[in-house]
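Below you'll find the structure, written out as structure tokens, and then a few comments.
To keep things simple, chains are lettered A, B, C and D as they appear, and every chain counts its residues starting from 1.
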Amino acid sequence: MPVYFVRRVLAAIPVMLVVAIFVFLLLRLTPGDPAAIIAGDMATPAQLERIRDALGLNDPLHIQFLTWIGRLLQGDFGTSLISNKPVLELVEDRMWPTIWIALITITLSVIVAVPMGVLAAWRHRTWVDHIVMTFSVLGFSIPVFVIGYLLIKLFAIDLRWVPVQGYKAPSADIGGFAIRAVLPALTLASIYIALIARMTRASLLDVLNEDYVRTARAKGLAERRVLFRHALRNAAVPVMTVIGTGFALLISGVVVTESVFNIPGLGRLTVDSIFARDYPVIQALILLTSGIYVAVNLLIDLSYSLLDPRIRY
Amino acid sequence: MADSTPLRAALRLPTAKLAGLGLGFAPLIAAIVLLLIVLAAVFAPYIVPHDPIAQNPVLRLKPPSADFPLGTDAYGRDLLSRVVYGARISLTIGIGVTVMAVVLGLFIGLVSGFFRTADAIVMRIMDGLMAMPSVLLAIAIVSLFGASIWTVMAAITIPEIPRVVRLVRSIVLSAREEPYVEAALSLGTSMPRILWRHLMPNTFAPLTVQATYVCASAILTEAILSFLGAGVSTETPTWGNIMAEARIYFQLKPSLILWPGLALSLCILSINLLGDAARDILDPRMGKREG
Amino acid sequence: ETITAVMHSGLRVLDPVMTTAHITRDNAFMIFDTLTAMNSDFEVTPQMASFEVSDDGLTYTFTLRDGLKWHDGGEVTPADCIASIKRWMVRDGGGQMIADRMESLEATGDKSFALKLKEPFPYTLQAMSKPSGLALFMMPERIASTPADTAITEYIGSGPFKFVPDEFQPGVKVVYEKNEDYVPAEGPQSWFSGAKDVKVDRVEWVTMPDAQTSINALMNGEIDYMEAVPVDLLPLLQGVDTVKTDVLAKLGSVTIGRMNFLYPPFDNPKIRKAALMALSQEDVLTALIGNPEYFQVCGAIFGCGTPLEFADGSETLTSGGDIEGAKALLEEAGYDGTPVVLMQPTDVVTLAAQPVVAAQALRAAGFVVDMQPMDWQTLVTRRASQAKPSEGGWNLFFTNWIVPEVSNPLANIMLNGRGDSAWFGWPNDPEIEGLLGEYASAADLDTQKSVAEKIQAHVMENVNYIHLGQYNSPSAWNAALTGVADAPFPVFWGVGKSAD
Amino acid sequence: MMAEVLNVENLRVAIDSPGGAEVVRGISLTINEGETVCLVGESGSGKSVTSLATMGLLPKGSLKPVGGTIRLEGEDLLSCSAARLRDLRATRMSMIFQEPMTALNPVMKVGDQITEVLQAHTKLSNSACHAKVLEMMEQVGLPDVTRIVSSYPHQLSGGQRQRIMIAMALVLDPKLLIADEPTTALDVTTQKQILFLIKELQKRHGTAVLFITHDMGVVSEIADRVYVMNRGDLVETAPIDTLLRHPKEEYTRKLLSAVPSLTPRAARPVSSERTVLQVTELVKRYGGGGFLARAPETLAANDVNFTLKAGRTLGIVGESGSGKSTVARCVMRLIDPSAGGIRIAGHDIATLSRNGMKPYRRKLQMVFQDPYRSLNPRITVAESIMEGPVNYGTPRAEARARAEELLELVGLPASAAARYPHQFSGGQRQRIAIARALAMEPDLLVADEAVSALDVSVQAQVLDLFAEVQERMGIAILFITHDLRVAAQICDDVAVMRRGEVVEIGDTATVLGNPRHEYTRALLEAAPGRHWDFAAFAPVSAA
């Protein structure tokens, strides 16, 4: 296990290097110039040039890249070109809202989606199955922002059950946090629920054909026990996998959700930074999100051995 | 092992499959809806009442009328015409992305599934691409090359490729252990030919399913890009940018977002339902499921 | 008491000398104070200092009023002010004009200092008091001695509010506390002059990327103030009795189009004129604003409602465009179908409509238009490029200014005609440079006015830029707020929050 | 007469769709307390369906009983409720399934899987449950029960897993035990133990056993009475002795005479002295190495030597995992041998590269075990057969004509060429695979368990085909099997493998008729029904 873990962590290094090079090149080739946004509308060409020089943007690309990587290895992510704040500090501020919302979303999704998928598989090709599947496809087919708006209109404006927007840290005010996290989490969960429910159903359908399910039935076990005790755990590995890969979708969804619900999270920070060409911030963020993605999937891989004793590392 | 084998054989027959499926009416309805949308897109110039980009400020944000069956948008353009034309671009994006992602993904996946040496490098790159948040990547690419429908398509395609590659590769990895591949090997069949004739066809069924997801998610991603201000020009109506432009009128004139949204949802719903049906029909394991 | 306000955009750059970005300026007015200030009659009034101009117009003496303290407790001294002025002069256009004519800038006592010029420059006080562009803010000497190209890292001012660095989240939230030591100036509050009387303990600016979310939050009482309400969304707030809406920046803004003078087709004045003739202010403003109550067809490049309001040469713009005339002129000019590369920002709501409307009008007049959508950041980078339009350059883009930024010929950066060092588009226009020189040395208002009228006519004829009319953005606030005042941009002194 | 436990009367099961065909057409059978009844018949004849119908486990939505009754101690199972059926399962009737590898839940400890039965049907306390489980596991002869009780299935051998299944089925002392091919997946020695165990337990508990198999050897060892099924119909029933000696029906006779004899066939004259294949000191190791992780190493073939002459058949026998396939795959160069030489007509091919192999490929052909997976389902039969020759430059038209000839040679109509593999039965597919191999006109044919997946009657046809082809073309055959009966009938020489080593090699008559190595003897001992010569309807004459 530890050997496997080390190996997986080492294997993540080339992946992150690919990400780093890709992001760096993409950004530097992209038109857009942080100097221009810093200087504002009335800047003259000469002023722009001076700011560029001061920011080191006129150095050759490979020098910029090596400088960046060199600093990264020392744990220095640089400072934001625009706001002059250390990138780490910026990211730290903005990380928690996103992480919290993501966690709630995943929990919520799993709680809702897994039983949905089980039900659909159990009642395969009946109206129950069709309804569950249609609903989950619907979750897929409405753009996130529309779902967000609909939820706001219904629950915040018409019913006034929850605030329209905002974020409170759970450490500061757990109730305030929860009440504000509901709608964004629901919005995000719509895709995720769809994804997980479908995978649960498909995977369970496979498992239900396995001999050991027949054995379980031959033992005279109650149907619920057959489904949840025998079938579900065997179906869990692909479901976990989709939770992991779906994480990428979640991150994309976060960008929109954070805008709609005004949550000061990583998604918005990234979009803002991209539009402002705040290179150090974008680089750090994409590395970070990629790193989170890789880490989540590593954890999920490791969790396989908990779910399935045959998988040993 | 030999249990119910004649049955399994019978189920390979497509007709038998269709007959025994009992999928309900959903796929049929989905197919009809999709066909209607495609027809509308193809014949858009003949069926829309107005030029979708002709503005008329005086008539902005008007409710439905005889002349403008769905009303007008903030530039006084006819919403119906825009939604119908939007089908053209949105479908082009969906289909274009799907074709590009599938063709490239298939090629890369086949090669890396079969050649161990290529595999390590290719898969690291694919993992890297997959780890990057796709919407953010897309925004960056769109900024880089300007927001035309081609760059939007490219931007959506790139993050989809690794997913197709992974799928194809996993199929190749398991299919290359099949005895018939070994048989081909012992018949002296060359590597490329084994890939082409014996391995690639295995990927078709799962790829069809995957393709419907890619198609649907491309159309949605375009909408998100428009929402974030990185979409195509408003002169090229897409369901995504019509909705994105209309989003501030969500409470005042919900119909502006409703109609393109409805078209989009129906389209994606249909594509997904067809994809599900495709899986049920094409999945060779369906035989096992019965037995 | 806390006021939570949603401003028009997120604050990221804090150094007011680095950028002309409005939000940076708004922030600076909270934490820094100005030497002199402009009131709603465009008059220069004392703020931190009273001033005196010698009869020959060469010496300006400033005397600091009593009780001025930096937020860190230090006294405000002439040395601080001199350093601040010098840093500003490096960056600001008006400041540079003063610097060009400056003999000396020296302290003359504990509380006073003097600016000596080599030749009279009547615009001096206006430049030093203008609220926008790069406004002149006072900082302690140790901060103001930062080179003008390097951003400051400490935000200590002497203004009515203190910046709370720990709670600052770039692009998301800025927090200000009342400066308890602030001694307001004399006189009634008018724009940026007079007493800045803080009535609340705290002001928080939050950024909301989605206008609808802000409106909903305002209606639900989650925020107190929203700077810019899209006009189309006003009906949502009307009839909500906990919310008040009004136009606070009465002068409003202008929207303009700017051409690239370096490349065809707009290197040809006739073709520029044809483009101008094709455009209609009303069409543009309707698409942009919608409700006619909130826009004004206005032919005056210095703004309607300003002292220099002239409408010469603007007939086609204000009367719905002259497509036929444009066609004829285009033909006469021998337009060869060179496509007009029109940059369209897709992520800025207030700039998305102009290119779309303009493209339709230009096409109607016979232009070939290549509208290229891009994000605003790409646009601001690209507009700085002097490359050919087909190779990454451009022909036409649009932007907005608040009226005080264009109302004075010397502050209006688009009038600069010095070729490569002019504003983007780089017109080489000796004629207008001459007129601006004339204006700068004009001794009295009447002379200024007659020169301004000539400038107006010249700009319309030569099409230095296309003035597309004036509009107002309404603001909205919680009805519990008191003292919300008219100003070109929001000020939070004088604003209170009633208990209920 | 003892009490009747199961009584099936005129049972009919049909495919659950409008107008669905009947797959079981009116069968009746009875089993008494303490009796073992065997149900035999070729693949697809409806044996499993009958047993599943009894358990109420017919796959929902695809099969349903349409007539008849099933009575368990008088209670009608077809008309009772789902809940009642659940109660009956495991308490009054139990079932053991064919595949011990897949019939247990892989993510649950085996002890828990047995305990579950007790929890579902009794009110025993936890500790009582536990005690009972251990006791049962001991009864089925599992060693070291305290360890095994908390093991997962994958940590047990096939035989151990099947014992767990049996423990699970018998823990509540059911009246009826249905065993559906419970030993097919096990090697002969394990099979023997399991059969013995079931017999033991049956004696002790007086259980009625319905034993489903197509292995007549097994039948001859355990059955009291036999029912023979064919295509959904009941053909014949009789006490075992009567059936074996005097089968009444033609179908039964056919079935019995298709069972190959364990007595080696008469030696054939050596027709050619040409050596086709020579394997010297062949070694194959799997695993080992690996980046940071030490993969465990398996020595799958160790110092294997043999030669094979043209026109001869060499059999390799041995129980599962003994390395038979490994040798075959090395010879075919589908895997790289770790050491040793493989000479084809005098040329060493052991270390040739993929390209270097190309000229030799056509001389070596292989027929794989699984007739369902060794043909690409998406390619027509003709295309599959033509693939090899076309690779070596034969014009398509010629290759096609040859393919049709070959199909006729293997006993299929030429018209079969245009069809797809799924349109053929297992036996037919295996013949197509043989035709494909023959199309290359190889010198050596490697057949790895080429007939193990086929039922006896089809198996007999395919074996005949091998013999015929060899006679006609003089091909050398390396024939791999674990079925000693098959080896006895087809091989000239036999090599016996155990744990990667050849323990005995020689001509068939000697090795099987007069084994010298104790392992060979043990293998022969374990072969079920070795005292009966089925084809002769008489015991093996004391030779």
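Keep in mind that, in the parts below, a contact is a pair of C-beta atoms (placed from the backbone, for glycine too) under 8 Å apart; a residue touches a chain by one contact, two chains touch by 3 or more.
Molecules present, by chain and UniProt name: A, B = ABC transporter permease; D = ABC transporter ATP-binding protein.
A quick note: this is a predicted structure, and the numbers were derived from the prediction, not measured.
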Chain pair with more C-beta contacts, B-D versus A-B: A-B
Rounded Å distance, chain C centre to chain D centre (Cα mean): 87
Chain centre separation (chain A, chain B; CA means) in Å: 21
Chain centre separation (chain B, chain D; CA means) in Å: 45
Centroid distance [mean C-alpha coordinates] between chain C and chain A, Å: 40
Touching two or more other chains - residue numbers and ranges from chain A: 30-32, 125, 149, 157, 259, 275
Residues of chain D whose C-beta touches two or more other chains: 61, 99
Junction residues of chain C - those touching two or more other chains: 212, 347, 375, 377-378
Contacting chain pairs - touch in the sense defined above: A-B, A-C, A-D, B-C, B-D
Complex contacts: residues of chain B adjacent to chain C: 53-55, 57-58, 60-61, 74-76, 142-143, 146-148, 226, 228-235, 247-252
Partner chain B, residues of chain D touching it in the complex: 17, 43-44, 48, 59, 61-62, 98-99, 184-185, 332, 334, 354, 358, 361-362, 364-366, 368-370, 372-379, 387-388, 391-392, 420, 422-426, 433, 436, 440, 453, 455
Of all residues in chain C, those that touch chain A in their complex: 10, 12-14, 18-21, 24, 91, 93, 133-134, 149-151, 153, 169-173, 206, 208-210, 212-214, 216-217, 219-220, 222, 347, 375-378, 380-382, 384, 392, 399, 401, 413, 420-423
Touch list for chain B against partner chain D, complex: 1-6, 8-9, 12-13, 19-20, 22, 178-180, 182-191, 197-198, 201, 284, 290-291
Of all residues in chain A, those that touch chain D in their complex: 3-4, 6-7, 10, 125, 210-212, 214-222, 225, 229-230, 233-234, 307-310
